[in-house]
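Per-chain numbering from 1; labels A, B, C and D assigned in written order.
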Amino acid sequence: MTAPSITVSETPLVLYTLRRADDALILGHRLSEWCGHAPMLEEDMALSNMALDLIGQARELYGYAAKVEGRDNDEDKLAYLRDVRQYRNLLLVERPNGDFAQTMVRQLFYAAFADLYWRGMMGSTDATLAAIAAKSEKECAYHLRHASEWVIRLGDGTDESHARAQAAVDDLWAYTGEMFSVDDSERGLIDAGVAIDPTMLLPEWLSIVSHVAREATLVMPENDWMQQGGRDGRHSEHLGHLLSELQYMQRSFPGATW
Amino acid sequence: ALRAQRFQARIDAEERIEPNDWMPAAYRKTLVRQISQHAHSEIVGMLPEGNWITRAPSLRRKAALLAKVQDECGHGLYLYAAAETLGASREELVDAMLAGKAKYSSIFNYPTLTWADIGVIGWLVDGAAIMNQIPLCRCSYGPYARAMIRVCKEESFHQRQGYEIMLTLCRGTVVQKAMAQDALNRWWWPVLMMFGPPDQASQHSDTSTKWKIKRFSNDELRQKFIDATVPQAQYLGLTMPDPEMTQDAQGHWRHGPIDWNEFKQVLAGNGPCNRDRLSARRKAHADGAWVREAAAAYAEKRARRQMAQAAE
Amino acid sequence: MTAPSITVSETPLVLYTLRRADDALILGHRLSEWCGHAPMLEEDMALSNMALDLIGQARELYGYAAKVEGRDNDEDKLAYLRDVRQYRNLLLVERPNGDFAQTMVRQLFYAAFADLYWRGMMGSTDATLAAIAAKSEKECAYHLRHASEWVIRLGDGTDESHARAQAAVDDLWAYTGEMFSVDDSERGLIDAGVAIDPTMLLPEWLSIVSHVAREATLVMPENDWMQQGGRDGRHSEHLGHLLSELQYMQRSFPGATW
Amino acid sequence: ALRAQRFQARIDAEERIEPNDWMPAAYRKTLVRQISQHAHSEIVGMLPEGNWITRAPSLRRKAALLAKVQDECGHGLYLYAAAETLGASREELVDAMLAGKAKYSSIFNYPTLTWADIGVIGWLVDGAAIMNQIPLCRCSYGPYARAMIRVCKEESFHQRQGYEIMLTLCRGTVVQKAMAQDALNRWWWPVLMMFGPPDQASQHSDTSTKWKIKRFSNDELRQKFIDATVPQAQYLGLTMPDPEMTQDAQGHWRHGPIDWNEFKQVLAGNGPCNRDRLSARRKAHADGAWVREAAAAYAEKRARRQMAQAAE
């Protein structure tokens, strides 16, 4: 009977891996919500493609987290049987899709980070994470290119698309700081060379994002207050609704194999 | 008339007709109608399966389903491209579909109510589609035939995946097996209708056959499909929802009467999901208008800037 | 462990009662989705009020169904632990809220029926159903009044509201026929005087609805094809999503008391 | 100046000021600001609780929650009506809130993440609101005082309901009790901030006290609330998330330092949900515009028709 939530022994490495897995799954879920509803068929394809990449990353990361934890959890239990307070993803990735500009700006902010992050993680002393990084970096580089092109098109397109893109940048900006935050549980992994220090990535991330914004004729926000909480399971109200959909089957059919 | 004779001679010789070749207006019209209906079906077909992406019961199934729906979108794109070789623009074809003037496969007007429906769609709906499409790989019109080869390859992968979902359900808990049976019960008859009306009532077959667009009759294809499917259902341990289904002396499984009135109603817009399908596609199209406009405006700006630079 | 779906012994009276309970719960759920998001505060109040009435009706009906069934089911198990194929509500009530016109036209169609229906059921030979009917009829009479007033305002308001109201009538019309359908399991109850024959209500329903439409300058559709299926659990795709939200807690915390 | 003296004398004599009475412009302004902020809080406060209506874990709880949120909307309506007696229109007040110019209680900028949050909101948020509002039942401005009497009655019902939710969780499974503790941990400090900044930092208190709008200081009310709450938490078996909390010689529970920077950030628009709350209200307002226009157009048409009939 597996319908109730599982418990996870969150050692630093398990927690670290889960956080990245949750980022990938939740963002993949959001992108997959577009499937069949995108502004053009080419974007149905592209958004599904990115969603697939992210769900693939999530699966590898969950698998590794389960292995490191060494109990009887697995990728599906980790994805489907943790409640909202056990989810560890960034607040950014759970933001609702909104309009296409919101989706693409969210993707730009995340992919610009993820590409740098995974590139750095290719040098992790943890061989599994390094291998996941090598694959993920390639995928995120494509996501970044795709999102950048769209943000530029929207920002420098029509008055309406410009206004929507600027609103998206303004709305999502406060959720970007969490990507660069480090807590005590991660500090040790950074010192051990298992993880990289994300604060080191900030200047390059800013330069990439600013460059895209400039091309897109968009203004970077000056507000520097950053929201935090996702990494500790303090989410927005949006995540609970997403999980009620994501987890419905596993919650309703305890112990079944699919 | 001479051109028409030469055209028919090429067809009879199993030559492929290519976009720049002369062809009768009716041949062109028939193909545009058929290819675009087929494209619309792929696109509308994304919706019933897409309905379960966010609720798929495992990550592996979620990824597979997402990839599958993406493939369907890809099929839609090749098929619109094939239709465009005949001088029809994707935009006008899509507009006709959104306006309710062009058809898509009636099967997609049924709802996916449980996860087992995803299995049944792969197993039976894709199975029936393949049965219809394999002969189209030898269709006289080159671009359509080539698109079909690619589509069929992917569809048979989907079909195996669907069957495997069914197998997992049928080997699962009692509740899962009941879910599988229920899905079969709901989809079986609509799937049989996918092959179109019985031969004596079919309209387009004669010329389509002559032009080698269609190589088998509706009833022939339907029978092939049933003969292939019944043993699969038996292997799953599922009961065919047709009490009159019996095997004849030649080994063919003969079905009971199909409710063609239901088919007619679905075609007339009265299926369970016709309105929902059209309104979902219309909403996507309307909500995306500003995005497409932005992309066009940007492309134009960029072209202008490049011209200006070149002129300097 | 109660997370998996329950089974219900659907004798005619249990099934009959469940069908009405499901109508009330699902429509109440839909109306409750407006809470905090209505076009004006007075409508937040009114929509919540109608939702409350309907959820109250659902609770009494589920309680009675559980009692008649005589197993260990109760109102919450019946509401939270049946899956989409076990739900017996009309397709009409699961239609998404759409815009305010869709919500109000749906309410008009349902309440015009429910008011007549419960008035008839006050004469049921089943004392419990007759008592529920007496209370429900009063509530539905108010719902009908409220919905009628709004449909008239919208239909005879601005060009935009007229167009939206007409679209709602056209969209929802095909879901009205199911209210007047009778199957074998209900026929016996009708013969026994437990239930009334809904086909008898059609002329008066048509007259009420046509009168409102006329006042609202709306045109009644000519399409007479009617959708069926909800009574047998053949729903639209919308219901599954509603249930994943409605049932999430009970599915995720098997056996807990709240 | 004479009128001002006479006004103050009436206040000092505990007389009620009514809408048509003369009052100083600053008194009017203070009241409009306070009453409308209070009204906005009721309306925005519908959102965090409304977030759980569709997911309430039992039908009884669902009905109670829906009724509660409905009550809050009702409170908003009385309070806007009270503000309107001072010459401010509901429309302009609401517009100021939607524009982000008028405040509402900072507590509603925190998210409801689990069902236990609904319990804690009833128990603590409504508990704190009552503590703030009971003295307002004796406020010098009559319409506000009368609105508060009605509001307080309903709030104390909500407070009991919330406490009962907590009690059920705390007597439930281990997971339920953990959920209750977690909700207390997240809400405790923001609830203490509901009483406003510490007395030495508070701005409006002096004149508000003189005018008998405010009868207790922020710190006094906060202390009363803590003293009432700690024993309730003990009865529930929950731990106060304040390691420095100790009982002093007079029996008062003394809290550790409050993070006033968090409060400032939330007021500045940087709470976890400020954007979501405003955008939800703005969306409701924008989406409802056509409905309000239709209602106005219909009312005008109808009035014109009645005039025309009367003229015949």
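Everything below uses one rule, namely that contacts are C-beta pairs under 8 Å (C-beta built on N, C-alpha and C of every residue); 3 or more make two chains touch, one makes a residue touch a chain.
For reference, the UniProt names are A, C = Phenylacetate-CoA oxygenase subunit PaaC.
Please read these numbers as outputs of a predicted model, since none were measured by experiment.
J.: Of the pairs A-D and A-B, which shows more C-beta pairs in contact?
T.: Contact tally favours A-B.
J.: So the centre of each chain is just the mean of its C-alpha atoms; given that, what is the distance between chain A and chain B in Å?
T.: Chain centroid spacing, chain A to chain B, equals 34 Å.
J.: What is the distance in Å between the mean C-alpha positions of chain A and chain C?
T.: Here chain A and chain C have centroids separated by 40 Å.
J.: I'd like the Å distance between the centres of chain B and chain D, where a centre is the mean of that chain's Cα atoms.
T.: Their C-alpha centroids are separated by 56 Å.
J.: Give the residues of chain B touching no fewer than two other chains, as numbers and ranges.
T.: As it turns out, chain B has residues touching two or more other chains at 55, 175.
J.: By residue number and range, which residues of chain A touch two or more other chains?
T.: 4-5, 83, 244-245, 248, 253
J.: What kind of graph do the touching chains make: line, ring, star, complete, other?
T.: other
J.: Write out the stretch or stretches of chain B touching chain C in their complex.
T.: Interface residues on chain B, with respect to chain C: 48, 51, 55, 111-114, 175, 182, 186, 265, 268, 270, 272-273, 275-276.
J.: Tell me, which parts of chain D touch chain C in their complex?
T.: Against chain C, chain D makes touches at 43, 46-47, 50, 53-63, 66-67, 69-70, 73-74, 76-77, 80, 115, 165, 168-169, 172-173, 175-176, 280, 283-284, 287-295, 297-299, 301.
J.: What residues on chain C touch chain D, complex-wise?
T.: These residues of chain C touch chain D: 25, 29, 32-33, 35-45, 48-49, 51-52, 55-56, 58-59, 62, 75-76, 79-80, 99-100, 152-154, 156-158, 160-161, 164, 245-246, 248-250, 253, 255-258.
J.: Using the touch definition from the top, list the residues of chain A that touch chain D in their complex.
T.: So the residues of chain A in touch with chain D come to 4-5, 83-85, 171, 174, 225, 227, 229, 234-238, 240, 244.
J.: Using the touch definition up top, name the residues of chain C that touch chain A in the complex.
T.: Within the complex, chain C touches chain A at residues 1, 3-5, 83, 241, 243-245, 247-248, 251-254.
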